[in-house]
Amino acid sequence: ETPKDTLVEGFAIDDIITMDPGEAFELSTAEMTTNSYSLLVRLDLNDTTKVKGDLAESWSVSDDGLTYTFKLKPGLKFASGNPVTAEDVAWSFERAVKLDKSPAFILTQFGLTGDNVTEKAKAADENTFVFTVDKAYAPSFVLNCLTATVASVVDKKLVMDHIKPMTPSAEYKYDNDFGNEWLKTGYAGSGAYKLREWRANEVVVLERNDNYYGDKPKLNRVIYRNMKESAAQRLALEAGDIDIARNLEPGDLDAVSKNADLAATSAPKSTIYYVSLNLKNEKLKKPEVQQAFKYLVDYDAISSTLIKGIGEIHQTFLPKGQLGALDENPFKLDVAKAKELLAKAGLADGFSVTMDVRNTQPVTGIAESMQQTLAQAGVKLEIIPGDGKQTLTKYRARTHDMYIGQWGSDYFDPNSNADTFTANPDNSDAGTNKTLAWRNTFETPELDKQAKAALLERDGAKRAAMYQDIQKKYLENSPFVFIFQQIEVAGYRKNLKDFKLGPSFDTNFVGPIAKE
Amino acid sequence: MTVPASQPAPMSRREWLLSDRPQSRVQARLGRAYVTWRQFSANKLAVLGLIIIIALLFVAAFADLLATHSPVVGDLKNARLLPPGTGEYLLGTDDQGRDILSRLIYGSRLTLFVVVLVAIISAPIGLIVGTVSGYAGGWVDAVLMRITDIFLAFPKLVLALAFVAALGPGIQNAIIAIAITSWPPYARIARAETLTVRRSDYISAVKLMGASPVRIIIRHVMPLCLSSLIVRVTLDMAGIILTAAGLGFLGLGAQPPLPEWGAMIASGRRFILDQWWVAAMPGIAILIVSLGFNLLGDGLRDALDPKESGQ
Amino acid sequence: MSAALSVENLSVVYDDFHALQDVSIAVASGGSFGLVGESGSGKSTLLRAIAGLAPVKGGAIRVHDQLLQGAKRSKRFYRNVQMVFQDPYGSLHPRQTIDRLLLEPLAIHGIADSEKRIARALDEVGLGNGFRFRYPHQLSGGQRQRVAIARALIVEPSILLLDEPTSALDASVQAEVLNLLEQIRRDRKLTFVMVSHDLGVVTHMCERLAVMRNGAVVERLTSDQLASGDVHEDYTRNLMIASKGFVKTRNADFSNI
Amino acid sequence: MSIIETKMEARPAKGRAVPLAKAIGRFLIAAVTTYLGLLAVTFFIGRVVPIDPVLAILGDRAPTHVVERVREELGFNLPLYQQFFIYIKGILSGDFGNSVLTTNPVMTDIRRVFPATIELATLGTIIGALIGIPLGVLAAVRRGSLADQIVRVVGLVGYSVPIFWLALISLVIFYAQLRWVAFPGRIDIVFEYTFTPITGFYLIDSVWQGQWDVFYDVFRHIILPASLLGYFSLAYISRMTRSFMLNELSQEYIVAARAKGLSETRVIWGHALRNAAVPLVTVIALSYAGLLEGSVLTETVFSWPGIGLYITNSLQNADMNAVLGGTIVIGTVFIGINLLSDLLYRTLDPRTRSR
Amino acid sequence: MTALLTVDNLKVSYPTRTGVIEAVRGVSFTLDRERLGIVGESGSGKSQTGRAIMGLTPKHGIVTADKLDFNGIDLIQASAKERRLLRGKRIAMVLQDPKYSLDPVMSIGRQICETLRTHEKVSKAEATERALAMLEAVQIRDPKRVFDLYPHEVSGGMGQRAMIAMMLIAGPELLIADEPTSALDVTVQLDVLKILDKLVSERGMGLIFVSHDLRLVSSFCDRVIVMYAGRIVEELRASDLKNAQHPYTQGLLNCMPQIGEDRHPLPVLDRKPEWAA
């Protein structure tokens, strides 16, 4: 049994490599950061196409669409006791931009650079923060981006005590590390919980932050225990060794929902699973082949078995819940049609092709299922299994034929996915923008232009329509076979109250959870 | 020692084989084989091991006839995770709706393939390194033994993992990786044995005939190391199967959908709570086969190894 | 008459143990030379050094007036000089039939008509064809020693080194082997160097002998000198007394048991 | 497993006693060269493993310019020989660097994971030896009897069963069904903040601090994996004991001991086993070394935060600092245990001692 | 006066897969407090006879005898425990090869004490004292040093003497010495024989002296038994050896080369099948 005042979650947290919100970009870290740091604005869970204030009491956008002014709520305090000021917000932005770690582009895409950030993101006074962007972007886009964890507000005073001096170099121009090394395992936030400890591949421990301005968390402590396997999580959940199991697979989910002591909950997440075809392969380059492959996935069988409860069939690149998501699934397993298409491409006799597959479920299962359905049309699929990092390395070097992967939005805005699936400014092997389109040697300048235009469309409805149009065209002509959208599930013990999963990984709040 | 039979009276086949004074090379060889076989076959467990291995060979050879289903194509929608004995699925089905029995039957080929290939690669390497190092002595010995030590000091599975990672997954690479990690022990055995015979009079005697070192190693030293090596390799077959299965278990052995037993356990592991058979069946298969090899090796040790056969 | 084999000031050192120090012997062609001495006195080492099986540190070995360098020996050398070891079992490869054992030297030296030669060699040592495909463990000690002798003779050497060829054998078998050796020597006009710790055996076989102790030759004698008791060293005298058998004396005191 | 068996042959040759100092000197040279070899092999593996190390540091979603920058920071753009030079320089100054995965210095990580493995392997070996030796002796004494056959089968099954499979099955039985043992891991989460390990060996720490509830909990965690490893080493130890005992029992001094009128018990345990113990110690020591390095699979199944798991994990993430640190530690253990068993051999076997 | 040991029709056989090996095929003799020599070539069953008397035949060997009587004790009927208590205490045996007959990992002193303490309740100190005295009695010059040595550290002769000390320390009435000198240098050999000689003549111990060296036996023993292929072919007084009747015995005596005699070729044994019958 777990202690009354402690929430214990079994969770695969082996992806965590840092706890610094300016650096972290991993899915599990998102949950930790969101529960321990505050943002200016957060996603409105009632309508995820909108945002609501967190530290910000109110905000306004200038008429030219370039200046965003945020007013902070009064009397805010960090967990350390230091007051939260606009200066902290500005410094957090500066820090993220200057560190220039993985998630920094979410901010720098608005024209921020190390040289201008102090100008473009600055405190007008104690309570007012002003953010200037370089183009008249859709406000929904800018605000959505500000809900990303990289925009988390850190305690400047506290972090300044822990900075490490650095010698400026060609790669890094500043004389200190902005406390990055310390924050990797340290904590300087103002969220509902404070981070007590992170031990890689073992545990993350959060403790209640009594200085939190919002609703006080019910439980004193939250422990995330690294458990990679579904079966293990289920066992531990059944035994009461954990309160929540976070990575259940279909079979175990089933068992959990049937257990009288346990319950299950779920929420669609903005992660899309897809199979991509690299156009470097002459055969895969043919549009008919690409379409044929979309007819060679047994969506029905996969949905009722391999991803039952943990995903739903979804054949477009924008996940449900995001602005402009298109809910259309035109493809079904249709071997005859696929054969016809292949014949049209001159490949009636089939061909051989390889696919790099990570050793995780459900992708391996789906890959094996595809192997069987592709075989029906004469396509011999060779699966190259590999560890996550290994297949990724290959994918990023675009030396694969086919790849099965997932893509989670970098921030909760349609542009994140639209951009990565369409933008490919330099398709050479030395390309600097290694979007998913680049990785598959796919150029679609038309759609790219359309996506860029949508970014500047300030009317939400129009913007949505533009994205839908892109997706429709994408369905007809793209080397991506979208299979399903992830549904995050969790099994929990029935004595938990108010446990809910959010629409994104940074909206899984543990604050409201109570125990009976 | 005993009084020799003075007349070559008509003998039974058994007497012919056991004859004290064979008349030809063939008879001498057969006689020796026969004595070894008798010693071996007196050990019931060893015979059981042999039967298991023969059965494995049989199953592998006639997999096409024995299997009732395709090992790779399943019925995901309708026949997923069926328990043993459901309809035509004697041992149940796995998560792709494939017949487990058929997969096991075809998997026996892979198992044999791995085992035989590793044995073919690593035993000769070990034999050569060991005998050369033991016979030559001096710096040759020092260098070869250091290399052996390095490979020994490296955690075995990690080394195999690293090599599989470097070479890319696939059963051939798994074999190479296992072979790379498994020759050092053989080298050690061969060296130890060589060291004991190196100074013996019969090797000196061959030297006195004017034989070159290469000839001595190949024709006189190696045959001596061979029987203990064969015993060791047989005993290691089980270990090879287990290592291959371990690699498969860690997702680095065979490529899907190949019915490699270790990989089957790995994928069945997710269902171990509700559909135990998916992981249990390949586990039992591995257990039986490696037990077979172990029993066989154990029997061979008793029969071949003069030290163990004792009294 | 020139020496078939001469050893001058030979020293052999194992690691840092001096097994032989300044040993010199000379054996006339067709002669028979004996080496006696207690266990560990370096008798075997001397033979092994001649055969190129021991680390020679100094001195010279000459065979038919040819100087041999270090421990390296040519193939030709081994057609001239052969050795029979002390332990009849240990000197035969345990996994090879007699046939194979005898074939080996022929194969090495590229000698043709192996069939005939093997048959003849076996005949010569008094083993019929029936033994040809046996393994060493199927033979008695005396038979094994015969095989070893046959193997040494099959390349038709002119010098035979014998390292205690009968010490592992029973007295009755010993006589057979000694007779065989004598006969072969006579028939083939071989030069013998023979090691033994049994004075009786050495005097029976050799005309001249050297007594060794602690890696050095302490006395050189002819068999006749030994037989007539014309010895000068105490050590040799002790050896002679000891070989006569037990003489009952009373000197130990057992009262305190 | 096979590492262990073969090291048997490495024991000092009977009869020829090498002076201890010389032996140690030889050993040191061997150890140093082995280390250098390990370094080179690890470096080589690090470079040929087709995993982009930057990927492990940054994850997939980092923009290209960040990836390039980090690559340069880490020197991966330099020629191979320069990289090797830098690598060796770091190692020689005693700096194994930081693990990318955990951000800690590698040695800090190892100080945490290694005791977990040692604790498990030690308990496993103790279980294996305590049961395996008597079984082996029994089998040898009653050679050919039913007891011998049973011991043989028990041992061979232990050799033949895939340990990860047995682990899974027993986890289902003993944890899921019977609830006799605790969940995978070393200790319950409840004790996370009531128990501070000192040595890293939880069993010892808890007793030391008098926290019996913690001890009980730790015991419930360790007992199943330790028993499995124990079974594994039992299989091996009992087989080797049997074979050594058979060898000793056929020796003449056993007949002599009987001729003295000693009781059978005394002959077997006092003389035969005492002699068999000499090679047996080497076997046990090396079986122990095998467990220390070879329990990756068990550690995986039991989520045991040990060194096997640590290295495997690091390898899969191209965290080469961690792999190297782990390899060096295991190499050291291997070399150390070799030395130790050699010394034990010398103390136990007077024949190897020179006066 | 009854004999110390009576052996009547002793047989030892070993069933093996290729048939039964009859190592000893009906051996009968009696022994008083005297030196009895057993000679015969290698494999003729000398050691097996000695071991059968001791009760040290390996488990799978079968021992039968019409009578096997030691000082009135029927050894065939005696339980394993009774026989064990006899061993070392009243009947002792010096095994053939001292190199292998001493426990290599136990110091010589401890091995000697062990015999004593198995049979008598004595303190450690007393056992040590007596062991030292025993070592001295078998002509070991520096008993204190040898006491702490391990078998591999002593020469063959010393080992042989230590073995004798170990077997004599409990004061047995019968000693079976199995080729106690075959592994020794001729010079050391005589030392060992002197010790045995003393024990028989001064303490009245019975001695069975096994050897294959006829000449040695004839000069050392009172009576000699000649064995061939598991049987006794001849029994005679040592002094009568020269007049042996059996062709085998004669052959054995004849075929040894002697210093100063000139017999070329040496006479050899012509084994007749009927000897073994």
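Each chain gets a letter, A, B, C, D and E, in the order it is written, and its residues are counted from 1.
Criterion: a residue touches a chain if its C-beta (ideal position, glycine included) is under 8 Å from a C-beta of that chain, and two chains touch if they have at least 3 such contacts.
Everything quoted here is computed from the prediction, not taken from an experiment.
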Message: Hop distance check: subunit A to subunit E, minimum number of steps through touching chains?
response: 2
Field: Central chain of the complex, centres being mean CA coordinates
entry: D
- request: Tally the contacting C-beta pairs at the A-B interface and at the A-D interface, and name the larger one.
  value: A-D
- line: Taking each chain's centre as the mean of its CA atoms, subunit C sits from subunit D at a distance in Å of 53
Query: In whole angstrom, what separates the CA-based centres of subunit B and subunit C?
result: 46
- line: Between subunit B and subunit D, the Cα-mean centres are separated in Å by 24
Statement: So, in whole Å, the Cα centroid of subunit A is separated from that of subunit C by 88
Query: Which residues of subunit E are in contact with two or more other chains?
result: none
Set of subunit A residues in contact with two or more other chains: 235, 387, 390
Touching two or more other chains - residues of subunit C: none
Query: Tell me, which parts of subunit C touch subunit B in their complex?
result: 48, 51-53, 73-75, 77-79, 82-83, 85-87, 90-97, 99, 104-105, 108-109, 130-131, 133-135, 138, 140, 148, 151, 155
Query: Given the complex with subunit C, which residues does subunit E contribute to the contact?
result: 41-42, 133-134, 136-137, 139, 168, 171, 185-187, 189-190, 193-195, 197-199, 201-203, 212-216, 218-220, 251-252, 255-260, 263-269
Message: Going by the contact rule set out above, which residues of subunit D touch subunit B in the complex?
response: 1-3, 5-7, 9-10, 13, 30, 33-34, 37-38, 41, 45, 48-51, 149, 152-153, 156-157, 159-166, 168-169, 172, 176, 243, 246-247, 250, 293-294, 296-297, 300, 308, 311-312, 315-316, 323, 326-327, 330-331, 334-335
Residues of subunit B that touch subunit C when the two form their complex: 1, 4, 20-25, 27-28, 32, 200-202, 204-211, 215, 219-220, 223-224, 306
Message: Under the definition above, what is the set of subunit B residues touching subunit A in their complex?
response: 72-74, 76-77, 80-81, 95-96, 165, 168-170, 251-252, 255-257, 267, 269-275
